[in-house]
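Labels A, B, C, D and E are assigned to the chains in the order they are written; within every chain, residues are numbered from 1.
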Amino acid sequence: MIWVVALIVIMMLVAAVTVLLVRNHIAAVAAASLVSLLLSVLFALLRAPDVAMTEAAVGAGLSSVILALALRRLGLGRVKDA
Amino acid sequence: MNTIVLTVVLPLLAAFVVPVLSRVSPLLGRLLGPLTLAYAILLTLQVWLGMEGKPFSIALGGFQPPLGINFYVDRLSLLFTFLTLVTSLLLWPWRNETEPRQYALTLLLAASACGLVLSGDLFNIYVFYELISVASFGLAAATRSGAAFAASLRYLILSGLGSVLVLCGIAIVYLQTGTLNLAQLSQLAPETLNTPLGMSAFALILLGVGVKGELFPVNSWVPEVYAAASSRVSGLLAGLVSKLAVLVIVRLLVLLFQQESALQLMLILGLLGAISGELAAWRAKDMNRMLAFSSIGQLGVIFIAFSIPGKTGLFAGLALSLHHLLVKPALFLLAERWRGSLVGLRGAGLASPVAGGLFVLLALSLVGMPPLPGFWAKFLLFTGLAAQQSVIYQVALGVVLLSIVIEANYLFRVVMNLFQPAGDNSVAVTTDHGWLNLGTTFLLSALLIAGMLLMGPLGAWLEGVAMQAADPVLYFDTVFSVSAIH
Amino acid sequence: MRNLAALVFVGGLAFLLLVIFNQFDFAQAPMVVGQGILMDAPDRVGAANIVTAVVLGYRGIDTLGEISILFAASAAAGLVLGRRRTDARRDPPGGFILRSGVALLFPLMLVVGFYIILHGHLTPGGGFQGGVILAAAFFLPLLARPETPVNHAGLSIVEGGAGAVFILTGLAALLQGGEFLQPLLDNGVLGELVSAGTLPLLYLAVGLKVGAELAGLMARLADVEVDEP
Amino acid sequence: MMPIEVGTVLYAGAIGLVVVGIAGIVLSHHLFRIILALVIAEAGANLLLVLSGFRWEAIAPIITGGDAVQTMVDPVPQAMVLTSIVIGVGVQALALSLTLRAYGAYKTLDIRELQRRMSADLAGEAGTPLPQSLEEPVGGRPLPAAEGDGR
Amino acid sequence: MTPLDELLLFSGLTLVFLLLLGRFSYAGKVATVFYGGQLLFLAKMADRIVDGSIVTFSLQVELFGQQMSWRFDALSWFFAVITLGAGLLSSWYASGEWGERFRRRGGNLWLLNVALAANVFSMLILLGSGDLLALFIGWELVSWASFLLMTVAGGRAIQAAMRYITYAMSGAMAILAGIVLLWSHAGGLQYGQIIEVIPQLSQAQVWLLVALFGSGFAVKMGLLPFHLWQAAAYAETPGPGAAFFGAISARMGLYAIILVLVQLIGLARLSELMIPFTFLDMRDLWAWIAVLTIILPTYIALRQSDARYLLAWHGIGQGGYMLLGLVMGDALGSAGGLLHVFNYATNQAVLFFAVFAVMFRTGTADLNKLGGLITRMPISFFAMLVGIIGLAGLPPMNGFVSKWFVYRSLMIEGEPLLFLGAIIGTLGTILSVYKLIHNTFLGQLRVEHVEVREAPWSMVAPMIILMLLIFATGVAPGLVLDWVALVQSAVGLPVVENTLGGVELASGSLDMLWVVGVLFAGFGIGALLFYSGGRTRQVHQLDNYAGGHFLTAEIRYHYSDNFYAGLMHLIRPWYRGSFVWLESTLGSLLGIAASLIQRLYGALHPSIYLLVTVVVTLTWVLL
């Protein structure tokens, strides 16, 4: 158990730091989405299926879509952009 | 009695319906909001008369307090419910071109403010606090100028950071006690929250909620937003929303964190806020910014007042809050036509003497000229501060006195500008304040005068309110005796 | 320099928070309210999913506040973003695969969404999760065919109507002499679809409202043009 | 040496998210990153709340039939987190709309630059123009004319 | 209805009347009558005052557990007489041609009338205060009413008024702090409670109280180092307002000092308060402040070239005499101080009236642009002459009596240094008032003033009344000394034994009847000698020659610029402007702090403040 949890937590934190450090905005959104996804796995492990579902649907799904939409409108949506 | 919940629910309902209704009938859409608020005011008065001064509690959904969420109705919460509704009605965006969404947001603000005041559950308070936040972001941006968007966005970021802190604080409280019901917490607090841990929860919540309450280091959004938002919204934010945030903190202080260090923390931040706000206002060059900074200063003074332990502090703080709630929106309404550089205001008071006279009256009360109500509120504060033994309270006394001097200086510099004949290089000032703004300001000023004339009974009554609110045992008994009866 | 100072303080904050939370024994927190609800909920509310019982029953006013926040956010976003000009440039329509995929997915997602909403009192999931899926379902066609106008009027009717249903359900209890949001109908048999009184109805309202709100938000964000000041 | 406990790891994860988020808000100047950081910080706070209801040997708070009474985890924080997540997405959407409009008005996504342009805008509107940058003195440099054009 | 009810009601009615109808031309005249009526009500309570009893006000207010009441005792009555007298004469002065001209020139006569009435009304309220809370309310009302009157002129007056209100608010806040401290010790603000609690307070606490109250009241009095605001604020106020201010306004500070420091705390207690690192006690400090206040402003007055400013600076200096006499605390000194309040009020009023009469006719108060008006405005000249004789403290005018009392008291009490200081001040006074009358009325008449006539009767009449008063109370100071004795007994000071002509003392009496008799006998002899010679011949004022040449009117030989050149050369290095420097430094420091704070609020990315505060508070809380 502890190793699974530790692995997820570490991945999550790495992803969170990536969100801040990566230069490409699309990649940042993807990393944020990854954080949410890993978080929802954690929620599931913590016996919170409702929360896990919501986090997956809202955090990993909807939120990323909204962010991506905004990025496109800001003209930052191209993958090549630095 | 349980109709008091309608003060929250009906504005919410109206807010949900108003965009649709406006599509069907614009007139109905315009009237729905004010009518709802007026009805809610009547309901509040009815409950007020019915409660006969005794607090009571409502278990929402019929789920009894520690499990469910309860509304705690005492004189304080009812007073602020009433004030919320009245202020929202007075500052209603009447103008013809208003989008129905703005009606909806104002209604949401009113509803959530009532909920914030009435709620007896920590997380529920957080939810209503967030609702107030979101509604005020929307309202702040409602002028649709670039500056309004940018200011509102910066406000949102700071506020969002504050929300995270509040959530962390709530998590600490929940981890420590296993409950979020304020009544139950007030019983558990002496054993569980009178620790450094509890204090850290308080610090996090204070700083988080303090963003709305214009607490010292987290208030840099204030000048930007008030300068960019419409006057009515600024009045609403400065007059009402900030007070509600303070009120939340005070409830928590009384019920959960009755400790010296909590009070001291608030006192120090309030002190810094008072002096910094007044100094910044002293240097401000335009009307809205000056009023914004002055409001920071006033809020600092209110924080200082509430940090006096016991009933005295509550009494003084309430008096100051009420006074500020009356005066600041009125000043912002006057500033609607007088926004812009202070130098450019030369002669504006001569051009519209009524508005100028009202400004002078409000400024005098703000400065605390006896026998206007502002003086009595400050007098209560000073006597309360002087009765404290700790040196820091004496320092606070000195700082507040100094801040009043500064305040008098800049406010009357403006007054002098208003009443000097316009020079050649001063900007032409629109004299027309509109009967609506002027009427509202006049009404608020009349209330101020009435308050002065009825200061005796008003003071005694307010003292009763403070006494009731300062009693955690009463809170606990009220909430849990209700559950016994049902 | 400023960044360095900020980093120091960030480190300090991490340390302090760790110190604070290390003082709690993990998984040992007092469950004062939680235990009470676990004992009380099955009989009082009749929902198999106790989280749902909490969300819609014990803390129903929270949920009302929450859908109000979404409503406020959507209204504020609408106010901020404003109306789209009719002559504005639109995105090119999606490709064939996207369009046929959407055509295929749309009914499926609708079904899944409503299923999750209606089983919220029995299984994990409910109004929020289902609402999000509904929102996605309505947003997908927009992605595929950007030229189709979004029916914001319809969305706002759904928003307002669903919110009103939620509140009116609560008010109905008040009118019958109970408290606001008191469960009304019979609890029924624990674990069955038609059980837990008005909870499924409330969750349906929540789901529809959340769905409409989020769909509207996404549509606006997808639709807005930035260059207009 | 004490073995690392799951609890510590989880708390560290939650706090890590909060702190990384706050660090992002404070250190980053790009509005979009700040909003992302806000989302992360909120996620961390949510995790903290869920952790506060966790119990070992407990099942998810859903009655699965059979009347064997099993210990369940605390449902209250879960309900709160549900609320909080949805609140978060609403705020995020509003923040993005505001960002779009602010970008439309001031053509920048740097929060400092935004503040500068907004202040200048507000000051100009109010008729109290800000002083020029203090680094450059006002007016031309009173240097002697260069050799070439000093005829 | 007690007489005080009637008085305050009537005073309030005057204010309301002026608020409603003050813009009509007859309002000033009616108001003058109203002030006369108020004086009558004051006279009506005189018999009770003489009995030593107290006239109460029927209305009492209780707020937040604080009882507020108003009453008149001899002290209040004495000051009220002066206040109403000044108000009456000022209003009279303004009610005729002066007011008409003021209005024609764009002045706001309504505001002037209202502000004057508000001042009188608020001063009566202040004088009637029966407890410290009422005192503070009255104090603030007076402050704001004065502010209103100061702003009437606009322009430079606004600057002065702003400076005033900043000083006044600082002072008021110091007083409020003192009141609040007393409240926390005594549990109430009634005078009785405070007199009871003062002996129980420690020296440090009384020290703090005296410092707070004293500095607050000193602001109004214009005592050093809070004197900077006063001259400009008074001088820039239009005519009657300046006279009213000069006569009585600043004395409200003295009233409060007498009330709090003498009556409540007691001079004896002041003597117990030692000043650290010196051999002085608090009372010495007050005496020295008084002397410095006599000297410095008087010599600043010497440098003024604007007659109004010269007088206003004098007003500050004369306050020093009153305070000096009072802190001596013996019968003679305190009688001198109190008597000087009355005397000085008459002198200053008549001087301002004369100066504004000159201004009315010539349009300027610049001492370098006047001269030789003696034949054109003889009554004004005579009024100024009487005024300056009084102000300089020479017989036969009333100023002599009060100053004699103060000097005598200084000698009896054995304070040679203070005495010397007072004498230096008087020297400056004589020099500068001579400059005033010389530059205005003596010497060469300017060509542009040939057509000047005497001021109209509405302005001259108040001057004549004041002249008579000054002379009468100079000859028979006992008229006023009776009241002063009443005040002394009401306040608890030793009472002076007075006669009609002065005092009977073991160490040498003063009888003004004799002094004046001898003086006039001397004058008579002199006049007899002068006229019996028959060597006088009347020539035209412009008929002059110098150095063997006739001078035409265009040639300026009336030296007024750089008056006292030799003396000024001698003492110029002493004018350092230290207080101005201090004031501006404080202002700049505050300005620097304010701009730093504005930068804080204008932060580009403020969330770091939140972070820092969170870390700091959490650390504080967890430690």
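The rule we apply is simple: a residue touches a chain if its C-beta (ideal position, glycine included) is under 8 Å from a C-beta of that chain, and two chains touch if they have at least 3 such contacts.
Just so it is clear, the model here is predicted, and its values are computed rather than measured.
Q: Check every other chain and keep only those touching both chain A and chain E; list them.
A: A chain counts here if it touches both chain A and chain E, which gives C, D.
Q: Between chain B and chain C, which partner chains are common?
A: Touching chain B as well as chain C, we find D, E.
Q: Could you name the chain whose CA centroid falls nearest to the centroid of all protein CA atoms?
A: Looking at where each chain's C-alpha mean falls, the closest to the middle is B.
Q: Looking only at C-beta pairs that count as contacts, which pair of chains has more of them, B-D or A-C?
A: Per the contact counts, B-D leads.
Q: With centres defined as the mean C-alpha position, give me the chain C-chain D separation in Å.
A: The separation of the two C-alpha centroids amounts to 22 Å.
Q: Would you kindly tell me how far, in whole Å, the mean C-alpha position of chain B lies from that of chain A?
A: Inter-chain centre distance comes to 37 Å.
Q: On a C-alpha centroid basis, what's the spacing between chain A and chain D, in Å?
A: 15
Q: Could you please state the distance in Å, as a whole number, between where the Cα atoms of chain B are centred and where those of chain E are centred?
A: Chain centroid spacing, chain B to chain E, equals 45 Å.
Q: Which residues of chain A are in contact with two or more other chains?
A: 48-50, 54, 58, 62, 66, 70, 73-74
Q: So which bits of chain E are touching at least two other chains?
A: Counting only residues that touch two or more other chains, chain E contributes 602-603, 607-608, 611-612, 614, 618, 622.
Q: Touching two or more other chains, which residues of chain B qualify?
A: Residues 123, 127, 130, 134, 137-138, 141, 144, 146, 149, 152, 154, 157, 161, 168, 174-175, 178, 180, 200 of chain B each touch two or more of the other chains.
Q: Considering every pair of chains, which are in touch?
A: The set of touching chain pairs is A-C, A-D, B-C, B-D, B-E, C-D, C-E, D-E.
Q: Could you pull out which chain A residues touch chain D in their complex?
A: Residue list for chain A touching chain D: 1-2, 5-6, 8-9, 12-13, 16-17, 19-20, 25, 28-29, 32, 35-36, 39, 42-43, 46-51, 54-55, 58-59, 62-63, 66-67, 70-71, 73-74, 76.
Q: Which positions of chain C touch chain A when the two form their complex?
A: 49, 51-52, 116, 124-126, 128-129, 132-133, 135-136, 139, 214, 217-218, 221-222, 224-226
Q: Okay, in this complex, where on chain B does chain C touch?
A: Chain B reaches chain C through residues 2-3, 5-6, 8-9, 12-13, 15-20, 23, 58-63, 66-69, 99, 101-102, 104-105, 108, 111-112, 115, 119, 121, 123-124, 127-128, 130-131, 134-135, 137-139, 141-142, 144, 146, 149, 152, 168, 172, 174-181, 184, 197, 200.
Q: Applying the document's contact rule, which stretches of chain C touch chain B when the two form their complex?
A: 16-17, 20-21, 23-24, 29-34, 36-37, 40, 44, 57-62, 64-66, 68-69, 71-73, 75-80, 82, 153, 156-157, 159-161, 163-164, 167-168, 170-171, 173-174, 178-183, 229
Q: Would you mind writing out the residues of chain C in touch with chain D in their complex?
A: 3, 6-7, 9-10, 13-14, 17-18, 21-22, 24-27, 29, 31, 33-35, 37-38, 41-42, 48-51, 53-55, 58-59, 62-63, 65-66, 69-70, 72-74, 76-77, 80-81, 122-124, 128, 190-191, 210, 213-214, 217, 220-221, 224, 226-229
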